[in-house]
Amino acid sequence: MKINVFGFLATIILIVSLAPFSYASDPSPLQDFCVALDDSAAPVFVNGKFCKNPNMVVADDFYFSGLNKPGNTSNAVGSNVTAVNVNQLPGLNTLGISAVRIDYAPYGLNPPHTHPRATEILVVLKGTLYVGFVTSNPANPANENKLFTKYLNPGDVFVFPEGLIHFQFNAGKTNAIAFAGLSSQNPGVITIANAVFGSDPTINPEVLAKAFQVEKNVIDTLIQAQS
Amino acid sequence: MKINVFGFLATIILIVSLAPFSYASDPSPLQDFCVALDDSAAPVFVNGKFCKNPNMVVADDFYFSGLNKPGNTSNAVGSNVTAVNVNQLPGLNTLGISAVRIDYAPYGLNPPHTHPRATEILVVLKGTLYVGFVTSNPANPANENKLFTKYLNPGDVFVFPEGLIHFQFNAGKTNAIAFAGLSSQNPGVITIANAVFGSDPTINPEVLAKAFQVEKNVIDTLIQAQS
Amino acid sequence: MKINVFGFLATIILIVSLAPFSYASDPSPLQDFCVALDDSAAPVFVNGKFCKNPNMVVADDFYFSGLNKPGNTSNAVGSNVTAVNVNQLPGLNTLGISAVRIDYAPYGLNPPHTHPRATEILVVLKGTLYVGFVTSNPANPANENKLFTKYLNPGDVFVFPEGLIHFQFNAGKTNAIAFAGLSSQNPGVITIANAVFGSDPTINPEVLAKAFQVEKNVIDTLIQAQS
Amino acid sequence: MKINVFGFLATIILIVSLAPFSYASDPSPLQDFCVALDDSAAPVFVNGKFCKNPNMVVADDFYFSGLNKPGNTSNAVGSNVTAVNVNQLPGLNTLGISAVRIDYAPYGLNPPHTHPRATEILVVLKGTLYVGFVTSNPANPANENKLFTKYLNPGDVFVFPEGLIHFQFNAGKTNAIAFAGLSSQNPGVITIANAVFGSDPTINPEVLAKAFQVEKNVIDTLIQAQS
Amino acid sequence: MKINVFGFLATIILIVSLAPFSYASDPSPLQDFCVALDDSAAPVFVNGKFCKNPNMVVADDFYFSGLNKPGNTSNAVGSNVTAVNVNQLPGLNTLGISAVRIDYAPYGLNPPHTHPRATEILVVLKGTLYVGFVTSNPANPANENKLFTKYLNPGDVFVFPEGLIHFQFNAGKTNAIAFAGLSSQNPGVITIANAVFGSDPTINPEVLAKAFQVEKNVIDTLIQAQS
Amino acid sequence: MKINVFGFLATIILIVSLAPFSYASDPSPLQDFCVALDDSAAPVFVNGKFCKNPNMVVADDFYFSGLNKPGNTSNAVGSNVTAVNVNQLPGLNTLGISAVRIDYAPYGLNPPHTHPRATEILVVLKGTLYVGFVTSNPANPANENKLFTKYLNPGDVFVFPEGLIHFQFNAGKTNAIAFAGLSSQNPGVITIANAVFGSDPTINPEVLAKAFQVEKNVIDTLIQAQS
């Protein structure tokens, strides 16, 4: 039986250099660093990502550029999120943090969403944002689904606790910019409108009509609006 | 200066026996057990709950009864969740697990919701459920907001991964019953319809109209439906 | 040097589809899901399991059927545990929870055991169970090896804290059934009788005689009883 | 309403200086240190321990003396464990580690036991130890309850994985000494013989007879031997 | 015995509102939020902080203002860190993230330091920074104490892995500004020069002379420079 | 397409048996054990290490010998650390603990260093050690960089909290010996003198001069001393 170690090495290296997308993160650094390999074409995955040989790691593995560039807000909601997580910056793997730049057109909205794996700390750089989050259904009905809101100006900081639905709205006539840190290298995002009314395939409209206690035609309107 | 230790003890005991609601859990058992005290009237809290003196712990602290009783499904969605978490069963504190019984009237729905702090494993005891969950917005657009669904019959088990939006619908003409385990002693629940359209106070309808890309009157209909 | 990426892919896929057993779990979900691959024939392992390409994941990966079927209790102790953990339901990988169905013949016993990686929350569906757990040797001798017991009837719930020795005994003349959730996708089980008196190879009987402070012939009786 | 802050302070200080026993630990340091207060007389507890004001912390809070002294092995099993965990060394609180010295008389035994919250790394200082541990019941029956054993001499190191049943036996004619580190500030210990046959109150002998598949009189012998 | 619950409540509230400094954080949110109380005058502490009654929490608990204001860089190293962690923004408690603004005078330096409990992700807003970090002493001597450096311009992002020594130097003639996120609500900072040569009391200069392999007068120079 | 499973198996086995160095650990055991494979020649890594097939694990995987042998202290600082972590003892993988033996020549020094991923509990076997650690820069300036020191004699135990700078100095005329446990299977070590003044390449001396507030020639002296 003939074995080619270097062939195997090359196979893996080839695999990990082929594809642009990936899916994982990790909460606890277990060595100095574990720079993520691109696993989008890999046949197998792990909880988190496969990592580069530490002997080959270079400074650029910890580097990303471009957060000075405005995102394109010419879309339906008038906002744009430029993400810098483990999928864009492989050195973040296992290190439990990531960042985003958010651009808002006048009256632009970063619509209600949750990060299933992260808290967000947001800093306003420019403009005035109206932000808020809603609590869960706690044991105490008096606290159920409480909305906390605040108007934020440049230099203001606000926290959106992990897993809670939150949003930011540009309350002013000019563009707004914010930076945010997230407590995971792969925080995930669930945009409520898309996940509920725009999933693939669509959730049964009868189910949604009962869930939202409205007529099915209202649901149809909502579903069409996401497509 | 005169100090009354027992007065202090009594104060705390009095405080913790006054009130019915509480707010916390904990993922990692750090001693054999740490039976939760009712903290609803406490002036201060901790991440998780204050615990009973272990010398006073009894078997009943690990006991709950009543999951054989059907929940009342005479409500708008036709379902009822009977929770057994750290708020009902104090011995669960620090132990990272809880349970629920879910009853469904014919065509009853446990509407789309997330558990911000738990995965759910569901077992069907009676009836036929149509269940599903939606993925987040991953790096790979091809996988964005994918809906996974399944029809379940008695003895079937299904998993709803932590933080993802999911639902169960009774697809049959008879009552249905399911039991589920959740991977936290305080999993939390965010019912999408209530949190988005029924928060207190209401999220600005203009914000919601932009988020869901519909006219404001559609939003008004949705808001009224939750109240 | 010729490299065949698809050959490598096929190799892995072949490996992971060959064998029925596996050994790992993981406490913290780091992406929406990480469906376990069967690693029983794999040449290498990880802490937890290798996972399926998320693009290939289907609803059935989160599904298991058969918990409506009674387990076979025709054995020495008169009980049977049907496990639904990551080894049976690959979608549980990284999600920190699993379930079991336990069947008890009349006077059947789920003998004293520990779960080294999980707390158990048990719900009685049918019959009357006498259950108990024993604490560890704490700093306070007054609390050492305290036994907590309870009789449970249908709808009753009881908690067995992580790592502690516990048992359930069917105290009635009819079959009994319980469902339980466990706070790990791979909780592990150490049945005391088997691990101490039935290990492979056997622990030196002299060692066991000193440990249990009895004559060697008593130990021989115990060892023979497990084989 | 008159409030006396210093009275309250003194109350707490008095409470925490009264009693010798405590029950908790914590896996994750969240500040430089969190020196445990003696909580044995406290009316309430937390998951882990209340801590000393950091302004009052002194070097002695991180100090323990006496591990050079042999433990008294004049007991039934001929061994003695001198523990240095959070209950003896308050500075260990939140820091996830502890230590023990174990003394063995000739043919002395540290009997089969588990640490529900820790792995143990043992170093032999003197003598020859015969040590072993038993695996759990895994998915693969071929690996069930496998016993791993080794003879150890001075300078040898051995690892007992978290939660597994293990023992050390002095195989020589002279005293033996070992030091061990444990991966928790409150590892816990469950001595199998004591927990199963010597609990308070005793586990029903009928239950134990069925569990170990022996006659009740064998169980009675075992129970009497622990008392 | 007369007990005044409200007196006790008031006592605690008084205590927690007296003092400006505190010492703790927590990695894992166990409820929607657990807003920190000021514990600087508290008689007892926990691993993390005591929290406010959730019924009293308001939006301002998640809010901080002032990151638009330049820090005062008129100091020896020509840099200033404005921290926004749990000590400044109580809503961050248990949520595992914090932020800082760093101002650099021309040729100003944020000197070599470690964060014992956090990774840092830094975004340059203005100016040109020369940044670097040094690895630990790994198993492979070839990788020991490797220095990774990079010049950063506005919009550039760089990661400093948890626990490693790192620095930022303003390489330009103008002021520079950076924002950073840190993966803990209480990351801690150990400035090497201060901790080694400026501790209170001073580390014995003989010890330091041997550690740095220089004459004692060199150490004296370094100690004097920190005072 | 022809696939050779055994060729793949052999490839991996060959890879993992080639090289002497590795870089990872893991805090949480997720199965009974996960014995590390030597990953020094592996093309890909994980957060932690790849593990051996559990069917092939033997007792020697949990065994290390040689801690009875003095380390060679004929070096500049007069001390030697013999490490027993996952790189030397593969059975420690995922189990969160390791050990070291430290030898000190008369007046030998284990110089100021941090363990980025571990607390250390040290036991003195022989000699008299002067030990200390320095706190971080906390919110309360009064506690900044406090030095805690203690003289230790045989049988004394001392704790160095995770991530803090600490040292041990042999204060006596004879050799000294200590054993220590560390709360990670891969604790890491950053020797301050080496990391700051002896990195590869060297940190810019201008940067260091500003950091330590001394003339560049002092820095040059320090840099030369590490080479």
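Residue numbering begins at 1 within each chain, and the chains themselves are lettered A, B, C, D, E and F in the order written.
As a working rule, a contact is a pair of C-beta atoms (placed from the backbone, for glycine too) under 8 Å apart; a residue touches a chain by one contact, two chains touch by 3 or more.
What you see is a predicted model; the values in this text were computed from it and never measured.
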Any chain touching chain E and chain F at once appears in the list A, D
Every chain in contact with both chain A and chain E is listed here as B, F
Of A-C and C-D, the pair joined by more C-beta contact pairs is C-D
Rotating chain A so its CA atoms sit on chain F gives an angle in degrees, to the nearest 5, of 120
Chain B to chain F, mean C-alpha position gap in Å, rounds to 44
So, in whole Å, the Cα centroid of chain A is separated from that of chain B by 24
The distance between the C-alpha centres of chain B and chain D, rounded to whole Å, is 36
Where chain E touches two or more other chains at once, the residues are 4, 8, 12, 23, 26, 29, 31-32, 46, 48, 54, 116-117, 136, 138, 140, 143, 162-164, 188
Among line, ring, star, complete and other, the chain contact graph is other
Touching pairs of chains in this structure are A-B, A-C, A-E, A-F, B-C, B-D, B-E, C-D, C-F, D-E, D-F, E-F
Seen from chain B, its contact residues with chain D in the complex are 1-5, 8-9, 12-13, 16, 26, 28-32, 34, 37, 46, 48, 50-54, 93-94
Given the complex, residues on chain A that touch chain E span 29, 31-33, 54-55, 57-60, 62-69, 84, 89, 91-92, 95-99, 118-121, 123, 125, 135-136, 138, 140, 142-143, 148-150, 152-164, 179-183
Chain B partner, complex, touching residues on chain A are 21-23, 40, 76-78, 87, 107, 109, 111-112, 114, 116-117, 130, 132, 134, 136-140, 144-147, 162-165, 167, 169, 188-204, 207-208, 210-214, 218, 221-222, 225-226
Chain D contacts chain B in the complex at 4, 6-8, 10-12, 14-15, 18, 23-27, 41-48, 116-117, 186, 188
